[in-house]
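Shared chain: chain A. Partners: chain B in the first complex, chain C in the second.
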Partner chain A sequence: MPDSSSASRTALSLREAAAPALAGALAGEGLWLDLGALRLRVRSDSAVFARQLRQVYPLFELDTGGGWTDIQVRMVRARGLRRWVAPQVFFEGDGERVFDPFPGDSPLPHFEWGTNWLVGRRMNHLLLFHAGAVERDGLALLLPAMPGSGKSTLTAALSLRGWRLLSDEFGAWDPERGGFVSVLKPVALKNESIDVIEAFAPGAPIGPRFPKTRKGTVAHLAADERAWAGRHAVAAPGAVILPRWQAGAETQLVPLAPEDVFPALAFNAFNYGVLGEVAFDAALRLARGCPAWRLVYSRLDEAVAALERVWSGLGRRGEAAAASVPMRGLA
Partner chain B sequence: MLELLRDGVASVTVARYVRRPGVRVEAVGEGWYAYSPASGETLRLNVEMAAVLELLDVGDEAAIAGVLAADTGLPVASIAASLTGIWDQLRDAGLIQRITDGAVPS
Partner chain C sequence: MALPEQLRFIAALDDPRPALDWGLPQWQFAVHQARRLRLLARLAQALDAQGLLPHVPELPRRHLQAEIHLSRWRTTALQWTVERVGECLAPLGAPCLLLKGAAYLAQGLPNAPGRLPSDLDIMLPREHLQRAVELLQQAGWQELALDEHDRRYYVEWSHELPPMHHPVLSLELDVHHNILPTTRRIGVDAERLFAASRPLGGGPWSVLAPEDQVLHCAAHLFFDAEPRDRVRDLVDFVVLLRHFGLAAGFDAALVGRATQLGLLEPLSLALHFGAEWLDLALSTTLRRAQASGPRLPIVRALMRRLILPGPPGEPPPPGQGLAAVLIKARYQLDRLPLRQLVAHALRRARGRDHEAT
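Moving on to the complex of A and B:
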């Protein structure tokens, strides 16, 4: 586990570092990205990748010091004549090439998907809900949802309105610490959501657009200083929102009963089966303990405003709000 | 179930089930969920499944049907019929296992 003793900077950020220094680090022993819950070592011989990485990880440190590594990744340019005709880049996770190569001008989406895949497979000391996660007042707001629900868009919007981003993909529950931890990466925006976020927050740090990927056009919103500085902080369970984007819908927040929340957690996690009873207990605790709502929305500003109202009105927040609910079970 | 002759007397083996070791059944709001260590899976239980799991200590299938009939006011035969598939579902899910705890003279 990474050292969580300090959020202060000990090295230049990627934004501050000279481009050759970053490219040199990637081409040499590698760059260590501290995502909060894990440290990722990345190496690459692609100058394109170095540029793109810098755009969407601007606040991360130029850390070449080695040390603990949870996941190792290499973005490797294809060799042979192809590199002159139609350049490609391979993703290697812990030495394995498990995906088809990507066009050489689009290594970043490949890196993002590949590292997410590795996180989902390897970080089994955490229960990884398929959920966005943000934090305020020390409490996590968890947004579990299926792809296409507007989860990442909503997570991005909240992070642009003062909530601390933990992840748009992993609601990472640490059973030992009893809270949510960051898997801090850029928020992956797809298709219309890119324009939606640009309109919602003009000037938001969104990286290059990559058209014609298998998920359409994708772009990445860089994490802000609050998210980076707080990436080692644990967020206690706060509330659960099941978001659903629906064209033309009025904003609706409908309270959910625990029996509606539990399956949304237990049957929507990357490694639930691997963790077994630990995962069962976590889902029980969150379903019973956290107030929850289903959010249907089409207008992002209204959705964020509705969540702000709910949050400010919670009073005895998070688990405390439901602490008096008796826990029943068959012995 | 007619099974064998013991001392010249036909006997019946009573089908009885117990919860498998480590199985947990939890109420979540108005719903019921079970964790099966055999499969590592979590399963949503319907009301009948939850009721049966709660009553396993009562006895065999007939005894459980009797308790539920008394509790609900429905005929035993009706309850027994509604439970027909429940036993298979619970067993297939790794939540219960069959035991044979003695033979009852027919």
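Moving on to the complex of A and C:
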């Protein structure tokens, strides 16, 4: 895990930095974003991108000092006549352009999406569950993405109620450390969930809305100070919640057996096959060791309150339970 | 006789111990460059084989560990695919050759560990292709959907069938009937390749004779339309030559075979760059073969431009684009007689117009 910066600030944040300084850094040697589990170098010749980046990464440092780079990204404006008629931006990951370009006015969703794709391909030393991850009292709560689960909405809501955001996309399990690590980026909210979160927490730092993306309208909730300052902390396994949003439903928490949790974790991971035995051991350990519930909800406030009640009963128990499970063996 | 700076990490594939003295900037460069050249897993594996991985600083070690996972997974997938396809083709009663990575793996060659296979390459006698495709389709393999023209291109002018894929097995299957396109001015006689092949025992699989494996590797790099960033093929060539070259009389047999198959040019180029960049020691016999290569030094100059990568994560070095165009033109002219090439280009252009409208 990148250890080149501590929790204390040494440089200006993107919010504090002058706009030309950020644009200049992006156009020059680049800006290094410390996401916790990795350091991303990003360069761009797009002023639009610089503006949008600043809006949703306000607390990240204006780090132009080089240093270790895990992934390199460039957002490059397409050349030629198009530049004037219908400008486009390319996502270039580690020197390769594998995707079609994006409209020039919405480089941010393309950057977020492309970066997630690169993280999913590159960071195979981690087991990457497709899940939201937040932390409280040193314990991680994992929200695996099931169809219609609204994991990003719930992850965003929890992070707005004092939970530390690790990621809304990657439950990143570090087999060496035996805990979850941050892949800290803004939370991507889609369609109705943007309004839901704005109603849930008026004034939440949500960036511009991008209509007409592949996934409909997208907007990004900036990570807060707690998430930023804690991005190098490792969260021990706490609990697993399989959320299901259902119109008009009463809030319900139904306990789940390990055999229900295992497939929700393993078969939802980005690189379960790649990590082989390591992945199997980790998914088994988590399924056996973490208390788990299915959360059925329609009202976000109630869902968050229910999870908070669960957590106060959990205490250090979750960690103790997880730690007592042997790493190996099916017997 | 020294590695260009951008390839210096390659020495660590042979002897990884000096890598333990690298500082973070050197690791940074090596990780990004090796990944781009698809040699990062090889580097990771070289360190792991000697138990050195725990001594690598954590920041680069994470990437090495990640590549080891990826390489093991893909290698397992390749072995599994070889087994399934082997079972499927057994009734054919014809020699079935494993090519490239699958062949290295099946023989346990020194360049087998740390590969990132994404397809399985096999070769069958042309007259058995139709039956083979039927057997494969019965087992669930499907040909890529192609239009009539592209299909004909494969069947008539190429040395392989359209790639096949399977709903369960993750690798693509490339079925060849020769190691180079049959329309080349000087074709390779596939019958000679089959005649010299060596059965692996237990199953239908064989591999090319050692000389032919070395030549195939060289031809694969220097007779390809896209040799850009393909240093890994040169690394394979050097490892294969060092391994098979231990047998008495191998060098002379290799040169003789290259002459017979019309593959002196790629052999000469591979020897040239292997010696210059990767410290390949050349016997007198091989030095003569190296000198007998292309008369035009320009081919060497273009290949140098193409194969030597620029700094990782940066746009290609100046001149590489032009070199790529020239090599591609040369490749296409050699591969297709001009009349066919023009016809093909026209079809392609017309096809694209249709898509655009």
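Observations on the structure shown:
We take it that the second predicted complex is superposed on the first by the 312 of 331 C-alpha atoms of A that agree within 3 Å, B and C clash if a C-alpha of one lies under 4 Å from a C-alpha of the other, contacts with A are read in each partner's own complex, and residues count from 1 in each chain.
Here, a residue touches a chain if its C-beta (ideal position, glycine included) is under 8 Å from a C-beta of that chain, and two chains touch if they have at least 3 such contacts.
Source: prediction; values computed, not measured.
Legend: residue contacts after superposition of the two complexes on their common chain; A:Phe262 is shown touching chain B, with no touch to chain C. Legend: residue contacts after superposition of the two complexes on their common chain; A:Gly95 is shown touching chain C, with no touch to chain B.
In the superposition on chain A, A:Thr69 makes contact with chain C only, not with chain B.
In the superposition on chain A, A:Arg288 contacts chain B only, with no contact to chain C. In the superposition on chain A, A:Arg122 contacts chain C only, with no contact to chain B. When the two complexes are overlaid on their common chain A, residue A:Val278 makes contact with chain C while staying clear of chain B.
Common to the chain B and chain C contact sets on chain A are residues 273-274, 276. For chain A in complex with chain C, the touching residues are 1-3, 41, 68-70, 72, 94-95, 122-125, 271, 273-276, 278.
Residue ranges on chain C touching chain A, taken from their complex, read 24, 28, 32, 35-36, 58-59, 62-63, 65-67, 69-70, 72-73, 76, 312-315. Across the complex, chain B is touched by residues 257-260, 262-263, 266-267, 272-274, 276-277, 279-280, 283-284, 287-288, 328-330 of chain A. Of all the residues in chain B, the ones that touch chain A in their complex are 22, 24-31, 33, 35, 37, 40-42, 44, 50, 53-54.
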